[in-house]
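Before anything else, here is the set of structures, which you'll find just below.
Look for subunit A in each of the two complexes below; its partner is subunit B in the first and subunit C in the second.
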Partner chain A sequence: MLLEVKNLCVDFKVGKQTLRAVNDVSFSLGERDSLGLVGESGCGKSTTAFALMRLLAKNGRIAGGQVLLNGLDLASAPYDEIRKVRWKDIAIIFQNAMTALNPVQKIGNQLVNALQEHENVSRKEAIERAEYLFERVGIAKSRLMQYPHEFSGGMKQRAVIALALICKPKILIADEPTTALDVVAQRQVIELLAGLQDEFHISIIMISHDISAVAEACSHIAVMYGGEIMEMGNSKDVLIRNNHPYTHALVGSFPSLHKPLSALMQIPGGAPNLADMPVGCPFSPRCPYATDLCREKKPPMRQVRLGKLCKCHYAEELDFNRKEG
Partner chain B sequence: MSDMVLDNLSKQYVLKAGFFKQLSGKAGVVSAVDQVSFQMEEGEIVGLVGESGCGKTTLGKMLLKIEDITSGKAYIDGTDIAAVRGRKNILEFRKKVQMIFQDPYDSLDPKFTIREIVAEPLKSLKICQSAEEIHKRVEDTLRLVELTPVELYADRYPHQLSGGQRQRVAIARALVSNPEFIIADEPVSMLDVSLRAGVLNLLQKLNRERGIGVLLITHDLATARFLCNRIVVMYLGRFVEITDPSSLVEDAVHPYTQLLISSAPDLFADTSNRIKVEGEAASAVAPPQGCRFYPRCPYTRDICTREVPQLTEIKPRHFVACHKTSPDFIKAEAAR
Partner chain C sequence: MKFGKYVARRVLQMIPVILAIICICFMIIHLAPGDPATILAGETAADEYIAELSAQFGLDQPMWKQLLIYMKNVFQGNLGESFADKIPVTTMLAERMKVTLMLVLPSEILAIAIGTLLGLTAAKRENRLQDHLISNLSIVLYCMPTFWLGMMLMLLFAVNLKWLPTSGMQSFNTTLSPFLDTLRHMILPSVTLILVRIPTYLKLARSSIVEVAQEDFINTARAIGYSEHVVYRKHALRNALLPTVTQVGMSLSTLFSGALLTETVFSWPGMGRMVYDAIATRDYPVIMGGFLVSAVMVVIGSFITDIIYMYLDPRVVAE
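Let's look at the complex of A and B:
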């Protein structure tokens, strides 16, 4: 395994309270794997990604668990080690490409600087590599030495992808790479990521609230709620054959262009409050199937069938199959 | 009678330029909305769909008199919008036409309670005089948008509510003056998925029960298909296709509509023959001559670069602006 995350927990100190934003998250990523972390705002998906790169805000800390990258535990490694790993082994595309680029520096120089920081290459070589990546992501290399404001939204997003790939990372984390874009530009980014994965043999962790975008870009999906992974497995298996009521509700609340026109599913209540989490299953206050057992006892993560993990007391009984309606 | 009629409506913005350039007419012009015509029937929900920068929000703003009309006419409930002048008439107009904005985190005053926010239109539009009347009407409206029990929500502040609840407050504020027409600009795009369905279902209920006409401005075809009776697809300031949502996916004719459908990520889509597209939307400052979509269109012919295709009814309730559908074009294609 390239990357193994074991029982990762992240705490934030807010005033006198300590809030657990990520709770007991485990997953692994092989070479050329792609994993999508999906969930609604505040579910801990971005925090998980930031913890992997040790980019948590000052009031946040990894409270437990391991993040193993080629045997090195990123969760406990000294900061100098982390600096070597960042961008070289794991690169991240931040949410909102519009603000991720330095507005007063030419984009080409930003790419060159990032590469020269990590590798001993001449400026000429660095520019050559930047030009190659620009063409690969679909931007004319003549535009390399332009400023970010001269680019459209879709181009900025692609330039940020080129920037992330400049040091040939093994893992690319993409935080909401399609969210701010129009559908046509979204499609281009999804296809670009798939193509790059083939060419550079990278593994991708994509974070998004848009389950349909993730379903197309990733082979595996983990659905998060209240800081925990609720259901995980092969993309089609998770989204078409849901075992967790939350996954079922989430997929049902998305309007589709191809589904029959029926009323959209509505999840009652609101997102969980981290300061006041239920004792049992975090989804139990909103779950239509919740029983006393769910309210009192946290369900364990377990395998419901080959390649499908689910955290629900009734995962075996609740087998929603969308193909059969 | 129809709720909304657009007749060759256009909006142009003059770009910043020097004084002499403006005088000599050499200043650049952005044609944000270009000669659009449409008739909306009473009690319809119409979806206006397009990419960012296509002019859909500008059109909404013109209908609300936030932006002035450059040329053409727009009527809401038989009233010529451009002719509504003077404070008193504008107040009357605002009672009939209301707007729901995109971002419920920005559009509600954080220092007002929910009750004050919803009561605001009643006061500023001088609809209710007595405090009891305002009180009753606000509570009735909050009940209508399902913020119940009302006592629980009415005296809270916006920051104490979730995104979905805030958007309900915004809807309540739009509804309290008893409007006949609502313009909803991306009402769910800022909300979490699980909360979107609730807001969309509410809009649908209000339309069915009260016959309020809704113009839904969105970039999301799937949302429009779910909620609307008709869908208008807009590209760079022009309407390119008007169709029924039920036949949208199967019968889309305009290459741009087909591109939008094919691009949308969808769990249930057949992904085998996706349309590939290069390039991005052209600029509205110097839009292409002829059909504005031709630089990205896979079917471009000579005529597309010269003549503007007109919106034609190819079958009942289905309008398309594409040369591909004209008899001459089909004949010429057959001869090729």
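Let's look at the complex of A and C:
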């Protein structure tokens, strides 16, 4: 396995309270794999991704667990080691591409500097590589030495992707790569990422609240809620045969292209308050199937069937098979 | 081309601004109580003598006429003659400006550099011990009256320790070369000026860097794996410098009008002293000359600020 995350926990200090934003998250990522992390805002998906690169805000820290990349534990490695891993092994496309580039530096120079930070290449070689990537993501190479404000939104998104690939990373984290774009551009970016994955042999972790978009782009999906992974398996299995009521509700809350338009499902209540988490299953207060068992005892993660993990006491009974209706 | 046009437009815009400044300064000075002829003639002078002096300086004319004459002269490059010293004001200004610049320019540059670097250090360690130390120190400095600080430094280093001269620009009996002697005299007023000016630049840099440090592209820089040093120096600092540049542009006027308080405390014969003395004797042409220079410097300062903006932030040109 390229990347193995074991029992990762992330804490944030807010005032005098310590909040657990990511709780006991485990997953693994093989070469050329793609994993989608989905869930509502505040469920811990971005925090998980940031923790992998040790990019947590000042008040956050990894409270436990391991992040193994080729045997190196990123969760405990010294900061200088982490700096070498960043961009060279794991690169990230941030949520807001519009502001992710330095406004006072030419984009080409931002690419060149990033490459030269990690590899001993001449400026000429670095520019050649940047030009290649620009053309690859669909921007004329003549625009390499322009400033971010001279680019349109879609172009900035592409430039950010080019920047993320400049050091040929093994793993690419895409944090809501399509949120800021219109539907047509969203599609193009997803296709672009898929093409790049094949060409550069990268593994992708894609973060999104749009479970259907992720299902198209990724081979595996992990559904997160309240800082925990609730259900994980291959995309089709998670999307079509939900074993967790939260996944079921999440899938139902998006309109389908293939079925007649019907009322969308909504999940009652709001995202859980990290300062006041339920004793039992974190989803129990909003779950229509919750019993006293759910409210009192936290369900363990267990395998429901081959390749499908689920954290629900009633995973087997609640086998929502969408094909059967 | 675009740039040339922009400069030309800005220069043309300066003319009415400067005209307005001349009118306002002229009126305010003449409205102030006290009459130069009376002061020059002395307390026991006869009324005839005062009237004669008034006529000589053109002070018996109505104010609008005086203003028109002054304006005409200004555009011919003639700022008049000092009532008290009978020297052309332009000559006085040129000489005093040199002396002031010598003191104020290096001090201001040092204050900008030290203030910004301290601000950067504080911002990097936001809300940690170093930040609290630096920020509190800057508040203490900011609250200190300039003249008091100057006098205390003088008391300590010149009077008690006798390391440095108390005031003036040159000593009469010294074995040092004139250059080194002047340098020795410069130390105390320079230090006073630097200490007084540091907090402004420190606070500006700190708050601006703290703000920029929260922007997304700083996250990108960290994710790329740059060291904290590079993240702050190369990515945060340049984006955070704009307020500092504005401040520098605005303080350009004090560069020329001189640091009045510091120059007075240390008897430094610069512009500030000159204007101070001129006010005491109601020497209208000299006061006007001093005001005019600092007003023009504000206008030119804001112009230079805009040019530096363009260099620092490419987005400014686009707009």
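The rule we apply is simple: the second predicted complex is superposed on the first by the 325 of 325 C-alpha atoms of A that agree within 3 Å, B and C clash if a C-alpha of one lies under 4 Å from a C-alpha of the other, contacts with A are read in each partner's own complex, and residues count from 1 in each chain.
Operating definition for what follows: a residue touches a chain if its C-beta (ideal position, glycine included) is under 8 Å from a C-beta of that chain, and two chains touch if they have at least 3 such contacts.
For clarity, every value in this text was computed on a predicted model and none was experimentally measured.
Asks: Is the arrangement of subunit B and subunit C around the shared subunit A a clash or a fit after superposition?
Replies: Result for subunit B and subunit C: fit.
Asks: Between subunit B and subunit C, whom does A:185 touch in the aligned arrangement: first, second, both, or neither?
Replies: first
Asks: Using the superposition on chain A described above, determine whether A:240 touches subunit B (first), subunit C (second), both, or neither.
Replies: first
Asks: First (subunit B), second (subunit C), both or neither: which does A:102 touch?
Replies: A:102 sits against subunit C, while subunit B stays out of touch.
Asks: Figure out whether A:73 sits in contact with subunit B (first) or subunit C (second), or with both, or with neither.
Replies: In the superposition, A:73 touches no partner, neither subunit B nor subunit C.
Asks: Quick test of understanding: once the structures are aligned on A, what is the angle at the Cα centre of subunit A formed with subunit B and subunit C, as a multiple of 10 degrees?
Replies: Rounded to the nearest ten degrees, it is 80.
Asks: Who touches more of subunit A, subunit B or subunit C?
Replies: Of subunit B and subunit C, the partner in contact with more residues of subunit A is B.
Asks: Touching A:152, do we find subunit B (first), subunit C (second), both, or neither?
Replies: Touch partner of A:152: subunit B, not subunit C.
Asks: In the overlay, answer first, second, both or neither for which of subunit B and subunit C A:265 touches.
Replies: After superposing on A, A:265 lies in contact with subunit B but is clear of subunit C.
Asks: With the two structures placed on a shared chain A, what shortest C-alpha distance in Å links subunit B and subunit C?
Replies: Minimum over all C-alpha pairs of subunit B and subunit C: 10 Å.
Asks: So in the complex, which bits of subunit C are touching subunit A?
Replies: Those residues of subunit C that touch subunit A are 215-217, 219-227, 235, 238-239, 312-315, 318.
Asks: Can you name the residues of subunit A that touch subunit B in the complex?
Replies: Per the touch definition, subunit A meets subunit B at residues 40-41, 138, 152-155, 178, 182-188, 190, 209-213, 215-216, 239-240, 249-251, 253-259, 261, 263-267, 270-271.
Asks: Which residues of subunit B touch subunit A in their complex?
Replies: 51-52, 162, 164-165, 192-198, 200-201, 219-223, 225-226, 245-246, 248-249, 259-271, 274, 277-278, 280
Asks: Can you check the complex and tell me which residues of subunit A touch subunit C?
Replies: Those in contact with subunit C are residues 53, 55, 82-88, 91-92, 94, 96, 99-105, 114, 117-118, 147, 149-150, 163.
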